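One structure is given here, and the rest of the page talks about it.
In order of appearance the chains are A, B, C and D, and numbering begins at 1 in each one.
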Amino acid sequence: MSIKLWQKADAAIDARAEQYTAGDVGLDQRLVKADVLGSIAHARMLQKIGILTADEFAALRAELVDILRLDAAGRFVLTVQDEDVHTRVENHLVAALGDPGKKIHTARSRNDQVALDMRLFIKESLLGVEGGLLDAVDAFLGFARRYEWTPMPGYTHMQRAMLSSVGLWVASFAESLLDDRALLGAVYDIVDQSPLGSAASYGVPLPIDRQYAAELLGFARVHNNVLAAQHGRGKHEGMVVQALGQVMLDLSRFAQDVVLFTTSEYGFFTLDQSLCTGSSIMPQKRNADILELARGQASVVQGLAQQIMATITGLPSGYNADVSLTKRPVMQAFDITLGTLGICALAARSLTPNEAALRAALSPEVFATDAAYDLVAQGVPFRDAYRRVAADLASLAPVDPEPALKERTHQGASGNLGLGQIVTHLESARADLAERTERFQAPLQALVDGAIA
Amino acid sequence: MSIKLWQKADAAIDARAEQYTAGDVGLDQRLVKADVLGSIAHARMLQKIGILTADEFAALRAELVDILRLDAAGRFVLTVQDEDVHTRVENHLVAALGDPGKKIHTARSRNDQVALDMRLFIKESLLGVEGGLLDAVDAFLGFARRYEWTPMPGYTHMQRAMLSSVGLWVASFAESLLDDRALLGAVYDIVDQSPLGSAASYGVPLPIDRQYAAELLGFARVHNNVLAAQHGRGKHEGMVVQALGQVMLDLSRFAQDVVLFTTSEYGFFTLDQSLCTGSSIMPQKRNADILELARGQASVVQGLAQQIMATITGLPSGYNADVSLTKRPVMQAFDITLGTLGICALAARSLTPNEAALRAALSPEVFATDAAYDLVAQGVPFRDAYRRVAADLASLAPVDPEPALKERTHQGASGNLGLGQIVTHLESARADLAERTERFQAPLQALVDGAIA
Amino acid sequence: MSIKLWQKADAAIDARAEQYTAGDVGLDQRLVKADVLGSIAHARMLQKIGILTADEFAALRAELVDILRLDAAGRFVLTVQDEDVHTRVENHLVAALGDPGKKIHTARSRNDQVALDMRLFIKESLLGVEGGLLDAVDAFLGFARRYEWTPMPGYTHMQRAMLSSVGLWVASFAESLLDDRALLGAVYDIVDQSPLGSAASYGVPLPIDRQYAAELLGFARVHNNVLAAQHGRGKHEGMVVQALGQVMLDLSRFAQDVVLFTTSEYGFFTLDQSLCTGSSIMPQKRNADILELARGQASVVQGLAQQIMATITGLPSGYNADVSLTKRPVMQAFDITLGTLGICALAARSLTPNEAALRAALSPEVFATDAAYDLVAQGVPFRDAYRRVAADLASLAPVDPEPALKERTHQGASGNLGLGQIVTHLESARADLAERTERFQAPLQALVDGAIA
Amino acid sequence: MSIKLWQKADAAIDARAEQYTAGDVGLDQRLVKADVLGSIAHARMLQKIGILTADEFAALRAELVDILRLDAAGRFVLTVQDEDVHTRVENHLVAALGDPGKKIHTARSRNDQVALDMRLFIKESLLGVEGGLLDAVDAFLGFARRYEWTPMPGYTHMQRAMLSSVGLWVASFAESLLDDRALLGAVYDIVDQSPLGSAASYGVPLPIDRQYAAELLGFARVHNNVLAAQHGRGKHEGMVVQALGQVMLDLSRFAQDVVLFTTSEYGFFTLDQSLCTGSSIMPQKRNADILELARGQASVVQGLAQQIMATITGLPSGYNADVSLTKRPVMQAFDITLGTLGICALAARSLTPNEAALRAALSPEVFATDAAYDLVAQGVPFRDAYRRVAADLASLAPVDPEPALKERTHQGASGNLGLGQIVTHLESARADLAERTERFQAPLQALVDGAIA
């Protein structure tokens, strides 16, 4: 049985309270890697300021790297009795090494450990989501290029409105996602501050070198005010999940469109059969289940953002245990968003337009505005032209959509989608992501390898 | 490898889509019992209308009861490939029994199965929560009785306001929870309609006997309109979690009070040490972690309610896969609420008032309103009396709180708490719960035992 | 300029703070009637216990009734300087009557006044919503009866699934709304407790008669524990708006269906042109704007419920000013829900089915399950029958839908909708509403008329 | 009576539908300025491409500038019959000018007008909030500098934890707000794309110059894909309100702290009496109402963000009327946030520490960790030192807090707050804001002045 770090000789915690406070150890399991890396960096910093000897640090680093190995092999499994990952790691180090294990917690608290672990987890996950996002952009872009000139009706109020194109429709998702990427990037930068050294929320009366620890861990900077650093917990999680909720918003729109456009009534697209599910009772069914779920998961992620914000709002300063409840929703939100990006990219690569159905839907009234503009070209003021067309809709003639598409030449219209700009944007985003991923990983790898300056 | 019920010979589902749609099989695992019981009832109904023979039914029932046994022993474990609990059960029956297994899905769909499973799950869980709630009421009531006449300051705006008592404070939670019980009961009654026979959402062209199946399963009535029955999915979950959110609201208030009143600054109560946690860095800490978590979990549950509502709002009629996303939050909300009721009852039984601190906090200004009423008794209009007292607060004399408590004799005030009414209410609620629990369990037990009318 | 009730001679409130705390006086304006009625009842109770003379009460009642008259004429308009409705009314009474005005606040606080005002407002509004709900049920029911036997496809996953009918579709909304009515009724009963006498949250040291005041105001009972009574504030608002959110959920489904079913692609129904809006640019547009808004307003109301719950969760016991922020969302939610019920009833009465389009959509695959059941009738186990049909969907023949509708004879299916039950349910609900409305209004009218026991 | 732009000769809209769709014209009233400026820019662009003559443009510009004048004087008041600001402006222009008025809607839709109006509104409001935020940072910074060396206890779990300082506490808000500013800036950049030319969602078949119109209006760039531009509606509102919710989160923490620290029990600070409100019943009350409201308003703003996201999630592509429901919450959120920033700045400037109370609260156990570190300095491993101190808490001696504060020398601790960095950050933020404000205003002023390139 495990001993809590704070446990006094004469006191046992009530089992129901232990269970209630332990929460889901599966969440902490996902933080083992970050906790170990943070511990190596912290120990190295303690060595630098003379609290650990070089030998003690070496022993600790070796044992911590061993935990990584055990964890990767599924042999470092947390239990409710462990309380949390930090306790488990310290107990492991004490059991293995004795005094050096008892020293590693000098000048830190589990509060700054978990703040650190979550930031590393969030940074890594944001990079992963960004990768998934760029892949989805790539899928939408490819789709848009394949069908850049395929006409389709554009809808407003879910009513046929004006001429559009498959390219215009699909490229809209690529562009919206790239806007989301800017938001994710801004959030990444806000999160990219090292909380190490904030301790329980008020720092420590020891001359620790926060800047050095931050550099070892690859942070852009130290989160200066120790109390503000602690308050980042929950706040960052909220920001992150809100940003993920924006990604999900775009994907939910795509999902809703596909569900709609693959109905018998629209029939605009066919989703590859390998992505459809069936019914246990109706032999004929081919359901776009994955896209219904993608649609619904957007609300889940947004609900998680709200949950996080509600949980932490109104708390007084300093660490409060409520913030620990933000672990689960942030992890769940990352899992869902990454999965949904993949599913939507898959769907975007597996959709085939039914050009006949698309063309059939381009009934004459879709071109009513064009007819008004024809009158405008003859000098009729627009509002009069509009009224004249409206009064005689029945006389609208069918229009050949391809040339009409090409007549929409202004920036961002179907005849001038600017897909080349998206390509350029995507390429630079990929380069940037690769560079940031390297900046994230290299110092952490150095901690594992012991290649520390 | 498992075969989907709807799988065609020539089609394999993409592994990523399978993973994405399978979700968390751990959720379905919790529905095995309900699914099996529903299947027994459905099979019995099929026998009644001549679709199954008595032998076929007997074989199915025996095999289904065996699944209960396997599940209880942890030997009926769902996997991602199983798709869901319904598929797994049908596949199991077909493997064990052949044709009878292939017949059991006659006149039903997984849609009405899961609707049924969730309603049984919700009913059972509501009864469990109601039990936990009554136990918490009992704990608050006991606390109120022990300290009915212990004076404490009452706060408004978090400022000392007027004389109150420990009894008044604690009894308020008992009463609020009993109000919540009324809400839970109303929701229970709405959920207590059998969806069986709604099939995929549109019923079936077979003369099934929905009333009979409903009775076998102990439902109060059939959910009549088959489409409305399907729309109950998600809607019920939302109602339920909103009602749980009301319970959590009360508990969060108690939790916040205890966190506050056990600070050094208030020092009004001491929480038993077995319920406190410590700090890894600060040797002196005794934290009421459990109550901080209780406070925060209220926001989690309320966020889950919002998540459910947002997920299902705006969906068109008929089953949509989005509703399957409501399984997780409803289960999570039940777990949290039940756990938090237990924790708060535990805390209520483990709190000791520090009477000296309570008395010390009853500074003279707490009785300023009483002083104004003294002037009122002398014929001064209240507003003038108020102004006179306000102008000379410094002259307020200390007041002996015990007699003052007893002077508050009107209904519901500290001198007339009506705890006897709460006792009576609690007793009748317990009797009612026992009766409803019996009404829930007896028919289900009869299905297991084969003691079916 | 108005004087605050609590204002001291030497202190002026900062104008920015005054503005910030005053909030929106338009909200309080809606409470004038309730505040006046509550004041009459309170004053009568004060007379009963000897704090006011009969003459003082008579003068106060007359002046209070005069405020009702002024308010109805738009001549009792609150301003930011008034702080709130309670202050304005008291200042008005003092100005008009002198000492009796200064006495009316004896044994009460603005806290219990506003709690009372909100409960009266909520009770009245709930009765109004219930009326709107029953009218919507009536509209859906009428629609269902007109087209009980009109076939339409039923959808799951937004894909054609099985045979349904206009009657089945529309009756589902009537039934769901009647379930909501049960929830609204339960909430009404919880709210129907008089908070008067709870004062600032801790009662008063005066022998007030809470039961008498409650009866004068038509409450079912006294909200016993004075602190619990105060905690009802916000909590009730949350419950109410959650219940309204359930009503909106049903309406959003109807709205989404109509938006969908009136597209060119479905073309199942035509919405009367007087309910459609147009486009400023596209001459041909006929938009079901009102139903898009109805759909979206469901999320607004649900968001308001969440807002209320988040605002009050985590607050400590006793009045806290945060709860005053729940006034706006509860009023907004009532306005939206009442308006949307009316709009949906209007739409339900203005929709015309396009029977040809409905029939055309009943393509053979809609009857695939029926085909499987035909094989079942020949002794083929269902799962085999299902697979056989699935393997040869192309051979499915068209089916005449009318007889097929009538073959669905089990309870709640298209051939056995049970509309008669809904009629009965609606009639009894109307009688009940009339009875409860009388029970609400009669005592309040008596207060105005001075016909007090 | 006003005529709708789309109204046909033979059709009247039902009054109930008109009322329901019109919503709150007060919201549109706030968009008059933006709508007029957008119309000037659009007209100028139409002149550039030859659709309007120079004279027509001049007449339109003059009339539009006149609307600005009328609006400023409160003489351009929208009514329900106006439908919206766009219709009212066009009708006004047609009435005043005839044909030029009928031409101005060429190549645009109310959809891109409102998208434009909202972006201008959001940009201007974001700049305003940023100003309020920097002023609040200034107030917190000033507070931190005044009391940089005033010791106070630091709390975790609301229990006394370690030594902190007023400076550390208050500076934390300044730093968190500066993080929020980064988020607001990122959102501003995403919003800073001109939607003009997206028309109903699909562009127009006219060679409009979107880049030119964007420049006239001071946008950083064109929102390229016309459909993505439309989808920005609601999405931007959601992002903005989420970011405002982060600001409110910080303020709610400050508010909660002040409410707590000004109780009798803490007594750490006194809030200037001009910012306190009283009670109508309790003569002694001094309530920090403004800060309770600030605390609660955080939940309101966050609820509005969730409301917006829920309203728009799941909508299909193209304009849908649901997005119009996002106007109200975004305006409300801006009003609240701006007001709350002002209130918190006011409070930060009006709080006085009670140094004796702060010092009295620094009981010996606050220094328990320091005692453990003393043992660490003597070579005891931290965990052993911790246990030794924990075992003998009673022997902890009082500590002089001032020198202890100064011993916390690492970055961000109480002895090394880095206030100078905040000063620098604030100065550069102010310069940046001034520059961006100029970039926002100058082109709009040029439109009014007619000084257009």
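By definition in this document, a residue touches a chain if its C-beta (ideal position, glycine included) is under 8 Å from a C-beta of that chain, and two chains touch if they have at least 3 such contacts.
This is a predicted model, so every value here is computed, not measured.
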Pair of chains joined by more contacts [C-beta pairs], A-C or A-B: A-B
Distance-maximising chain from chain D - centres being C-alpha averages: B
Rounded Å distance, chain A centre to chain C centre (Cα mean): 37
Interchain centroid distance [CA atoms averaged], chain A/chain D, Å: 24
Euclidean distance of C-alpha centroids - chain A vs chain B, Å: 32
Numbers and ranges of chain C residues touching at least 2 other chains: 5-6, 8, 90, 105, 111, 156-158, 161-162, 199-200, 260, 278-283, 285, 287, 289, 292, 295, 299, 302-303, 306, 310, 313-315, 320-321, 369, 386, 390
Chain B residues within the chain C interface of the complex: 5-6, 8-9, 51, 90, 94, 99-106, 111, 154-158, 161-164, 168-169, 171-173, 175-176, 179, 182-183, 185-187, 189-190, 197-211, 222-229, 231-232, 235, 238-239, 242, 245-246, 248-250, 252-253, 256-257, 260, 295, 298-299, 302-303, 305-306, 309-310, 312-321, 369-370, 373, 376, 381-384, 386, 390-391, 404, 407-414, 417-418, 421
Of chain B, residues touching chain D in the complex: 156-162, 259-260, 263-266, 278-279, 281-289, 292, 306, 310, 313-315, 361, 363, 365-366, 368-369, 371-372, 386-387, 389-390, 393, 396
Complex contact set, residues of chain B against chain A: 4-8, 11-14, 16-17, 19-21, 23, 86-87, 90, 105, 108-111, 199-200, 272-283, 285, 287, 289-290, 292-293, 295-297, 299-300, 302-304, 306-308, 310-311, 320-325, 329, 339-340, 342-343, 346
